[in-house]
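For reference, the structures are reproduced in the following blocks.
One chain, chain A, appears in both complexes that follow, with chain B as partner in the first and chain C in the second.
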Partner chain A sequence: MKKKTFNIAELICAVISLAVFFGIWHLGTRGELGKLMPGPLPVIEKFLQTLFGGKIGSSTLIVHVAYSLARVMIGYFIGAAVGIVLGLSMGWSPLIEAIFAPLFRIIRPIPPIAWIPISIIWIGLGEDAKIFLIFLASFCYVTQNAWSGAKNVNPEYMNAARMLGAGKSRILFTVVLPASIPPIFAGLQVALSSCWATVLAAEMVRSSEGLGWIIIAGMNNNDMNQIMTGILAIGLVGMMLSTIFRKVEARLCRWNRSEN
Partner chain B sequence: MEAKAGNERQVKVQVNHLTKKFGDLLVLDDISFDVEKGDLLCVVGPTGCGKTTFLNSLTKIYDITSGEILLDSHPVDPKKDHIAYIFQGNSTMPWLTVEQNVSFGLDIKHVPQEKKRELVDKYLEIVGLTKYRKYYPKQLSASMLQRVSIARAFATEPELLLMDEPYGQLDIELRFKLEDELIRLWEMTGTTVIFITHNIEEAVYLGEHIMVLTNKPTTVKQTLQNDLPRPRDIAAPEFVRLREEVTELIKWW
Partner chain C sequence: MRTKSKKRIYMAVSCLSVLTVLLIWYLLIDVMKITKSSVFPGLVKTFDTFLSKLVETKPDGATLGQHLLESLKVCLLGYSIGAILGIPLGIAMAWNKWCDWLVRPVFDLIRPVPGLAWTPMFILIFGIGIEAKAMVIFVNSFVACILNAYTGIRQTDDLHLWVGDVFGATEWQKLIKIAIPTATPMIFTGLRTALGGSWMALVAAEMLAASKGLGYMIQQARYISRPDLVIVGMLTIGVVGLILDTILHKIEIMVAKGMNAQ
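Right after this comes the complex of A and B.
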């Protein structure tokens, strides 16, 4: 019952905050500022109009979203898989850590967008280059968290398993891996935001579809309505991804929830 | 405790010239002793004398510098021997439920499903956690967590159970309760137990033998036999006398 009351209160707060935001936006763009930026109503109208029916460029808005999402998901999952394996291996084996840690420490601080020129030269302007950039955005965050997660497992868990007769590989899979899940999830969440930002940057450089292209094409055509529609779509998709992610995390890490 | 020729009881653990150094620091200095099968040996000593190092060396969590530790006359090997260890802190796996924690050691030892269920049910019942079997450690109190560790250790039916100040962080009421629970399980299973504690009263209450260690570099000062009848009364004159005797031995001031 308490939980339900809280949810209703949360919903009311969310509605009020959104209403205030759109109200300020609406009032603010009624005067001179309206010449530079459209109000919320034309943007929402364009958003709904182009979502499934009207086209922006060659596709509807939902198709542009699908292009961006597909790029993100491919790069994100490949980066996450490689990052989890490498990070756990580095946290588990001093030899693997000694080999890969210096390289990783150099690559990690480089923002994914700094790789854009190199990726174009190496891979070209097609899909592969975009996925490569997204891979980098995902890989670094996930590797870092999996590495520190595996390295900081409470030694008493490992000693307890060892005393009960567990060998090295058993300790890795039944102790180190599950103990590292919360930090890995934290890395996955940051990586997802980073991938979403990176795909937009990649699409702005060279693309004929996707949310990044909508914004850059809107800028080239001086179409503020289109730019704001693209921004609104980015925000909504980002929010949806984040919500889905939190649900998955809550399910897989329910043992780690503080309200337990 | 020492197994001499002619004794009927079988020697379970033999420690011969155990020495442990951390760099140049000598912590355990040529320690030798035997533990009989089915004994409940309490090890006491001054704070910082290396009691945990002693237990961790016994179990090969630390590599020993020299000497040997034999279990049933062969070098101890946690992978092959049935040893269980209850640590000072909480070592229950937070991602496993209570029943999964209790069956953790049984999974490692590939105990058949049917037998595993039977053992888990039995030990959850003994430690009074049956109705909490689906709970996660984060949902339990400190004493319940320690009971999960005890059930996990006993469920593997260990030949040797090592306990490192397992009740050190609990309040006195819970400590008494869990001490009685340990005695009940020990009497029921006949497991050999080595129990480290800094609490002299606890050592006298639990131990069949009490081994007193010296300050660093640690050696065995003396081992006392404790024949007090069970259940033991901590206010009984014999109990108080033995407690004072151990206190005298432990004094370094």
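Right after this comes the complex of A and C.
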């Protein structure tokens, strides 16, 4: 089913559907609705204008993007590192699993966004609180996947390695770790998009820069154009993040491609 | 025998670990009082708050049960509309190439935006009532349901469809008897992802604009420095999310029996 050939009919359909979408949006906002919602042209105009030149709030759009991305990246990588280590050791050692599993099961169902108020009370309004939230978002998904990945390694592989005289640490690094990489990557991918949503929520609740701030400030100023510009940027960055991630994964897990 | 006793030891370790954490909490905060209770509440106080919040409306105007009911109402409303519209659309997109080609470009435009990013826009359009929040949750569950229904149908084995062809099944029969059963586990995965996402988006939306609901409750509790109430709210959110997911999983096992559901 996966044929990648150039298809004229498909292209025409894409053009038609996008044209209809933007057409309805453009025409719909010309009348009464236009007072409430800007059409596509002003939004794109504002987007291009503020990308490098004009300012939203205190800085240009690209700086806001950089703020949000920096927050995501710091929290994401710390959370991923801690999550992989904890998840693998939980899957590897029943004792560690017995200690941490119940605590993890209590924390995991609480959405990271629900931590916002308590993180503000504990850590304050600064960067640390936001990084903590993103850490939580990535930590939970990665731990869960690393844990189940390490637990579901085919026991025959481990027995075979043991029979061939591999020590415990040898089995961990040459059998369990490679076998858990695909689920870990799946966790990392979910974690990335969850982190992206979390940073927006955190910025919407309290911040003075970043994409979440753009849309919430737009709401407070009743500036729909600014909200739409923010949403456009959010969508573009989210799309970029997942594309880059998929490329990296295809690179690092090349041996796993045949299975999917 | 050995594995059984080992299991029992691990059980004991698990209980011990939870108890240790609770004990440390109790000792540090309740007994030694290393921080003020407006920063980190004691164990006893948090438990007390939970019990009194069940019946008392102070300080935010509703009991825990009323907040919970309000949140559930909004969440399930948006979620079920999203699922009812999303699953058939996803199936149609996977089954019919014209539908796919026409809908996909617009869908790809909307998909990368996290559901809760729409919150400010919907609040401006619909006000802070139930509609704005229901719309945010609708978008959330709609996207997840389409994606998973689509992937599920696409996973249908060509061989099974050929068998259908051989036995003279019509397109419609192939869809109903072969493709949809194949996709059912995947559709349920989508439903569960969507429910988790909806619950999370709802909390975010309620923190921004609401006058009732669990997200509103924890946000208000933060303003008046009542971390005990915040923790009660967080745990309630977590537990309810878990219960919703468990219910859906039970339904999945019932419906998708023998359709390689785990």
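Here is the rule we use: the second predicted complex is superposed on the first by the 232 of 260 C-alpha atoms of A that agree within 3 Å, B and C clash if a C-alpha of one lies under 4 Å from a C-alpha of the other, contacts with A are read in each partner's own complex, and residues count from 1 in each chain.
As a working rule, a residue touches a chain if its C-beta (ideal position, glycine included) is under 8 Å from a C-beta of that chain, and two chains touch if they have at least 3 such contacts.
Since the model is a prediction, treat every value here as computed from it, not as a measurement.
Student: Label the relationship between chain B and chain C on chain A in the superposed model as either fit or clash.
Tutor: fit
Student: First (chain B), second (chain C), both or neither: which does A:234 touch?
Tutor: The answer is second: A:234 touches chain C but not chain B.
Student: A:142 in the overlay: touching chain B, chain C, both, or neither? Say first, second, both or neither.
Tutor: In the superposition, A:142 touches no partner, neither chain B nor chain C.
Student: Check whether A:181 is in contact with chain B, with chain C, with both or with neither, and answer first, second, both or neither.
Tutor: After superposing on A, A:181 lies in contact with chain B but is clear of chain C.
Student: For chain A, which side has the bigger count of touched residues, chain B or chain C?
Tutor: Partner touching more chain A residues in the overlay: C.
Student: Contacts for A:163 in the overlay, against chain B (first) and chain C (second): which applies, first, second, both or neither?
Tutor: first
Student: Could you work out the angle between chain B and chain C as seen from chain A, using CA centres and rounding to the nearest 10 degrees?
Tutor: 90
Student: Go through the superposed model and pick first if A:133 touches only chain B, second if only chain C, both, or neither.
Tutor: neither
Student: When the two complexes are placed on top of each other via chain A, what is the minimal CA separation of chain B and chain C in Å?
Tutor: Distance of closest C-alpha approach: 6 Å.
Student: Can you give me the overlap between the chain B contact set and the chain C contact set on chain A?
Tutor: none
Student: Tell me, which parts of chain B touch chain A in their complex?
Tutor: 59, 61, 78-80, 82-85, 87, 89-91, 93-97, 104-105, 107-109, 136-139, 149, 152, 156, 162
Student: Looking at the complex, which residues from chain C come into contact with chain A?
Tutor: Interface residues on the chain C side: 6, 10-11, 13-15, 17-18, 21, 39-40, 97-98, 101-106, 109-110, 112-121, 123-125, 154, 158, 196, 199-200, 203-204, 207-208, 215, 218-219, 221-222, 225, 227, 230-231, 233-235, 237-239, 241-242, 245.
Student: Contact residues on chain A for chain B in the complex?
Tutor: 154, 156-157, 159-167, 170, 174-175, 178-179, 181, 254-258, 260
Student: Going by the contact rule at the top, pick out the chain A residues touching chain C in the complex.
Tutor: The touching residues are 1, 9-10, 13-14, 16-18, 21, 36-37, 94-95, 97-103, 106-118, 120-122, 193, 196-197, 200-201, 204-205, 212, 215-216, 218-219, 222, 224, 227-228, 230-231, 234-236, 238-239, 242.
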